[in-house]
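Here the structure is laid out as structure tokens; the discussion comes afterwards.
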Amino acid sequence: MMQNLALIILSPLAGFLITGLIGKRLPEKVTGWLGSLAVLVSFVLSISVFNQIAANPAGMHQKLFTFLSVGSLQIDFALQADRLTALMMLVVTGIGFLIHVYSIAYMHGDAGFYKFFAYLNLFVFNMLVLIMGANFLMLFFGWEGVGLCSYLLIGFWYENAEYGKAARKAFVMNRIGDLGLLLGLFLIIFEFGSLDYHTVFEAAARGDHNLGVITAICILLFVGAMGKSAQIPLYTWLPDAMAGPTPVSALIHAATMVTAGIYLVVRCNTLYHFAPVAQELILYVGIATSILAALIGLKQNDIKKVLAYSTVSQLGLMFVALGCGAYTAAMFHLTTHAFFKALLFLGSGSVIHGMGGEQDIRRMGALKASMPLTFWTFLIGTLAIAGFPFMSGFFSKDEILAEVFVHNKVVWALAVGSALLTSIYMLRLFFVTFLGSFRGTDEQKHHLHESPWMMTVPLAILAILSIGGGLLNLPEIVGGGMAHTLKHWLEPVTGKPAGEHAISHGTELALMGVAVAMLLGAWLYTRNKYQSKGVVPEADEAQEGTGRLLSHKFYVDEVYDAAIVQPVNTTGEILYEQADRKGIDRIVNALGNLWVWLGGLYKKVQNGNLEYYLIFMVAGLILIVGFNLFR
Amino acid sequence: MKPDSIFHTVEISHYIYLSCVLFCIGLFGVLFRRNAIVLLMCIELMLNAVNLLFTAFSSYMGDSSGQLFVFFVMVVAAAEAAVGLAILVMMFRNTRTTDVSFLSNLKG
Amino acid sequence: MRSLLLIFLGAIAILFAGLGKKEIRMLPWAIALLLGALVFIPMDWIANEQPDWVNHIVPYFMMVFDRSALAFMAVIIIAAMLVLGLFGQREITGSDQLGLILFSLCGALILCSFTHMVMLFLGIEALSIPLFVLAGSRKKDLRSNEAAIKYFLMGAFSTAIFLMGCAFVYGGTGTLDLSVMQRVIPGSAAMGGMTGLAKTGVVLLMTGLCFKIAAVPFHFWSPDVYEGSPNRTTLFMATVVKIASFSAFFRLFNFAFSSPLAHGNWSFVLAILAAATILVGNIGALAQRNLKRTMAYSSIAHAGYMLLAILANPLESFWALIVYSLAYAGSSAVVFYILNKVQEKKGNTEFESFNGFGRANRWLGILLILALFSMAGIPVTAGFAGKFLLFSAAFTGFKWLVIVALLGSAISIAYYFRVFRHAFLTEADGDIIKPEWQDSVFLAIAATVLLLIGIWPALITGLQLFELH
Amino acid sequence: MELILIPIIAGVLAALAGKQSRWVALAGSLVSLGITLFWLAGFRYGASFQYVFDKAWFSQGIHFRTGVDGISMVLLLLTNILVPVILLSALRNDKRNAATLFALIVGMQGALNGVFLALDGLMFYIFWELALIPVYFICALWGEGNAFRTTLKFFIYTFIGSLAMLASLIFLYSRTPDPSSFGYEALLAVNLNHTEAIWVGAGILLAFAVKIPMLPLHSWQPDTYSEAPAQGSMLLSGIMLKMGLYGLIRWFFPLVPEALNVFGPVLIASGVIGVLYGALIAIRQNDMKRLVAFSSLSHVGLIAAGIATVSVEGMQGAVLQMFTHGVNVVGLFLAIEVIQSRAMTRNLDALGGIAKQAPVFAVFFLLLVLGTTAVPFTNGFPGELLLLKATFGYKAVWGILAGITIILCAVYMLRMYQFSMLGKPSGGIYLFPDLRWNEWMAFGILALLVLWTGLFPQYLLDLCGPAIQKTMKGILDSTGVVS
């Protein structure tokens, strides 16, 4: 059974190699199904691992080979699986498989079809390495690996220079985070002498380490998480990353890769336990991101951009939970978010597919009729994220809000505001896209169709999961005996937080009531505005005042460009022109030319005139004799 | 050579000074004259200063090798002068002058 | 002694036998003569004692043909062979130039073996006087005339200074015999050191020799004379004359004036002169547009390097000097051969005349690179071995001087590689030069010397196992 | 011995072989690759020198002495793999006098092997110089633009450095006990006082720092790389600058450990500043070769800084990274050559969209870009990890500054890839044939190395580990620093 772990990562790797190397010569269907099969194998194996873990909370561990062994430092290429991992594995491979299947239809006819599946498989491989690695370096491997795949997939349509730019932006911003993570790893090595989770956490749990260093480690790790999970200040890449094909956005930029930061913090909860400062930082960054992204989401007209900002906002919410030490809540929301956000992205993909590549919601509308299945699943997704009672998002979001309520009332209020904004922009998106009147071209109208079954079936499955995802971790008032399944499941990893503030059922109910009321309000507002009045959102250029600010994303990109990108470029130019060419190089050349110049000077001395020669000789002679006699 | 010969009634230093003066006269002649013939003569003067000095030392120390040297110097100086005059003649044929300051084609 | 006599008598014979004949016809005889002289050297080396008849011809041990003399003689004869072999003159009638070269060579050989100031003086004059004539041997050429005049006047002038030095040393030490001097000078320590007379004498001798090797500030003649003289004469001056002068320099200063007392007297001044020579030679060469003149400056620089040998511990530096001289002679011969051929085709030796040379003549091009590398002291050529041995021998004495020498070597790359650039990197079509078969033989000898010593210098330095004196 | 002689003989034969010279050269270089692999197979893990060949050369104190330990084995491997690859990539070359080009390349292999094998100070110096000559000719004879001036500057610059090293070596030689010796161990045994150590060290360092090149002494590099022919750039950047780094490990620090406290900080500062300096400049370069030149400056700066930390991670990481950087930079220059020979330009402004026309090439190029960017599973990663860790452990500030390279490197490398390969085909790139078989093979070998080193760096680390530890012990024992 032990080789299961290796097989889980090897299967997508094999898929990558096969589709990448010979996929070009195979028919599309074969390539697509091969790629999907590879992930399916991983999924099935993951279930088997999941079952084993259920029986054996300690988890599994498998060393493949020694990667690096230098001095006292030894880093193995090793895999492990515990309950956290098992949960993530199911999410990654399960949703991954659905999206693979979806892609077979979605990417049909693309010139780079085989490449797409190769990249997707490579991504799944890297993601699995990230979550299954048994030490921080393995995590870093996967961490950078998924960043690479993200780069490749965002820039998948490489002939478009803008897409290429977005891809590079994503990679570079991730790299900024990676540097933080890497420095964190170095600190871990110096503090604990190892990178193995087991060793590190065991040592940390003893609590006798320098708290300052641990805080530094935690902050640095969080910097890594900022990059990958698109938190302030490193979030701007994620909306741009929507340049990639939609399944990519669903898989990488919604369901899996961007949650790696959450995973990292949960994984290191032992360390964060000793670093309250870092936790506070996470809390504030998370809530700020959540609000900011939600605000921006209000005014976006690109269907995928709205979802992207929504993702950023939801990730912020998860970090808020982490900041409160509510690891289960974060993981719970991570899981449900994976379901409904993947659903929403795939739904949007279906819309885009049907609309022949159109992404602007102002040109859509009234799609309900022609794309019923998409409509219904999208509705489910929208409701789930907006927190419609008893759907998955309802439970997971409420759990976070409840935890925050206990922790910090101000942040709670902000989080509620963020939830409200979420409801508004999601419903706006929904109404504008599917209801009202059709605003596209005639050609698009003629072309409009429901997507093939390979796309709709994954939608349906995800819709079911979005509805029922809440079952994973019901609150006590609803679930009774079945409550807190996930919490108990994760306990071996997160431990039992000491002195947990339980809130009374009354308060909990009240909080739920607030949420439902807000949703209702949002529904009425948006329905009134976009369906009944048929308001079409203004174009970006037409926005004024706050709207303009929002549609331009608070001008953050422009600020970054002016504050970082341009200065770096200018520095590069100045260094090259002034310091290198006109400075160092000129000095070197001058040192060389000095001798040539001296040579020219000497030429004048050697003037061909015998008398001068004799005078020089005699003068030299006198000098020599005199020097020798009188020194 | 008798020990009380005239050389020993005069201090050796006088000979040294004399020949140094002679030598310097020759030397400055070489420096400040331009006619090749005169230059040649000045060099001969320098050689003669050397000869005088050799002879004086030789006598003073009672060692014959210095005087031997003088003969060689004289012989070689003659040979040198012969060659030198030949070169000067050649130069005169080509340039119609014996002024060395006109010879400055080779320089730089 | 046998070599010297053979060459002297042979020179007379060739001079008379060659009357009215083309010089080129006498050349094989001259080469044979040199070969014969060369053969005697290993024989004498092994015998290692002065036969009686030598002492009858040269009384009072005024010349001693010890092994140090023999080693230099061998180098000089080889250098002379290269000079003669590579420059067969077809146009010249009469073998007077050949005879003059051989006579001059006799002077050079005397400079290897003297032990008495008289012989030193005679050697220098025997070496120089034929050269005055040779420098002016193109009678109608004004440049040749000018070279001859300048060389003669300045040579005679420096001879006078040198003789003054002899006289002073004679007065200061009471002897003209080198071995006596070597014994007398340390004895003067008891009487408050060397007298001013002797001190000045030593320095005057030094200046006289510095003129011969063209060390700063007595080097002014050499660029002009080198440029104006016929190529063969220039090469002869650059190699045979220079090596012989160094042999004399080495013998005089590291034998007669080798005691610490005397050494302290002249070494510092000489070190400064050496540094100046290296710098002036290299810097002067940088500004030149004419290869021949560049080689003149380069030869000044080489003299500067070789002066390091005089300043170093003689036991180590002797063989360094030998290796260096061989390397220098070999590479100079190659460069001057090519220079001569180019001059025959193009009429001058400006750098531009070499454009495309390497592309047109593959083997000569490679040979040119080899020679230039050797001059620049790049491994694995003989020039590197020589430089390395010289510098490491001198390192214990004047470290700063070695640094200056290294700096000089670095500067020299610029002008040596300029030749390479014109020969290889210009698009012009160079003239194709077909060397005569005998030229090829001598070029091959030169190349072999350069490479063989470069790869395996122990071939020469291994001889240091033998006692020198 | 055979590793030095066979390539040189092959070079001579190739020069004479005319049309067939490329095959002669390739055969010669493959034979020495074979010998290297044979040696590797028989290599006993440990710190001692193996396959020692010893013969008196100049004199009794100056020997022709060669031997291999783990450090030199890695570099021999690098040399003898890369030179065949370079030859392979040039096989279809139809430049003027191609025979000479092949001869010089394979001859260079011999000289480089000599550098890495030498266990005698003077021998090291001689091969150090000797390695300079073929590459000089390659750059001067087949270079473009103002190649003579640039290469002359390069030559004199490095030559001055070498001469300074020679002076230092001679000084050490003069201090060895009688009879003086240039032997490696004899030179190591010389004890210097602090002042002497600084002077001697400065001389040796000058040679290495120019060749590496370290920051203020680098100005020969961009011009030379960009004006040299592809093979010249590959040899220079792929192998030759490793000579300097190797010299730091094998010669510089062991010879003057007394001055470690002076040179260590200087080297690290220069290295780390070089990392940023090169990277920042590389970001704005449009000439691909110049870009790679500055990126190389950035990368080797990190390697040098790692060595100067004199820590196990730093040194082993450096050896690993030398191998890696050699492979990557040769690959990059090869890719640039592929582009230039087809598109007739290497200016990023004029390029674009090549990936469409040459997908296979695009994949290989991407892999090399990723390797250079140190993405995990490629070869750049483990070395950079170790080096950054060592620098960080030496002083956190330096580590953080150096770490910025992983961001900047991504910026300029991806920019280069983007502008050349991706986007819409522009300019004259409508006919861009994909790789020919020889280029395919060359890239294939490099790609395998990229992945192999990326996944299993431990093989190379094990190889050089004991030797590194011995070297470090030697250095630290002499300085009295307790590690």
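Chains here go by letter, A, B, C and D, matching the order in which they are written, and residues are numbered from 1 within each.
One rule holds in what follows: contacts are C-beta pairs under 8 Å (C-beta built on N, C-alpha and C of every residue); 3 or more make two chains touch, one makes a residue touch a chain.
Source: prediction; values computed, not measured.
Undergrad: Using the touch definition from the top, list the chains contacting both subunit A and subunit D.
TA: Joint contacts, listed by label: C.
Undergrad: Looking only at C-beta pairs that count as contacts, which pair of chains has more of them, A-C or B-C?
TA: Most C-beta pairs in contact, of the two: B-C.
Undergrad: On a C-alpha centroid basis, what's the spacing between subunit B and subunit D, in Å?
TA: Distance between chain centres, rounded to whole Å: 66 Å.
Undergrad: If you average the Cα atoms of subunit A and of subunit C to get two centres, how far apart are those centres in Å?
TA: Roughly 78 Å separates the two chain centres.
Undergrad: Indicate the whole-number Å distance between the mean C-alpha point of subunit B and the mean C-alpha point of subunit C.
TA: Taking the mean C-alpha position of each chain, the two centres sit 27 Å apart.
Undergrad: When the centre of a chain is set as the mean of its C-alpha atoms, what distance in Å lies between subunit A and subunit B?
TA: 98
Undergrad: Mind pulling the residue numbers of subunit A that touch at least two other chains?
TA: 592, 603, 606, 608, 610, 614
Undergrad: Could you list which residues of subunit B touch at least two other chains?
TA: Counting only residues that touch two or more other chains, subunit B contributes 27, 30, 100, 103-108.
Undergrad: Counting only residues that touch at least 2 other chains, which ones in subunit C make the list?
TA: Within subunit C, the residues that touch at least two other chains are 149-150, 153, 157, 161, 223-224, 287-288, 414.
Undergrad: So which chains actually touch one another? I want all the pairs, not just one.
TA: A-B, A-C, A-D, B-C, C-D
Undergrad: Give the list of subunit D residues in touch with subunit A in this complex.
TA: 153, 156-157, 216, 218-220, 222, 277, 280-285, 311-313, 316-317, 353, 355-356, 370, 375-377, 381-382, 385-386, 388-389, 392-393, 399-400, 403-404, 406-408, 410-411, 414-415, 418, 421-424, 456-458, 461-462, 465
Undergrad: Flag every residue of subunit B that touches subunit A in the complex, lowest number first.
TA: The contact residues of subunit B facing subunit A are 27, 30-32, 34, 100-101, 103-108.
Undergrad: Along subunit A, where are the residues that touch subunit D in the complex?
TA: So the residues of subunit A in touch with subunit D come to 65-71, 73, 137, 140-142, 144-145, 148, 151, 155, 158-161, 164-165, 167-168, 171-172, 175-176, 178-179, 182-183, 186, 189-190, 568-569, 571-573, 575-576, 579-580, 584-585, 588-589, 592.
Undergrad: Of all residues in subunit C, which touch subunit A in the complex?
TA: Against subunit A, the touching part of subunit C is residues 149-150, 153-154, 157-158, 161, 196, 199-200, 203-204, 206-207, 211, 216-218, 220-221, 223-224, 265-266, 269, 273, 280, 282-288, 411, 414.
Undergrad: Quick check: in the complex, which residue numbers of subunit B touch subunit C?
TA: Residues in contact with subunit C: 12, 16, 19, 23, 26-27, 30, 36, 39-40, 43, 46-47, 49-50, 53-54, 57-58, 61, 63, 65-66, 68-69, 72-73, 76, 79-80, 83-84, 86-88, 90-91, 94-95, 100, 103-108.
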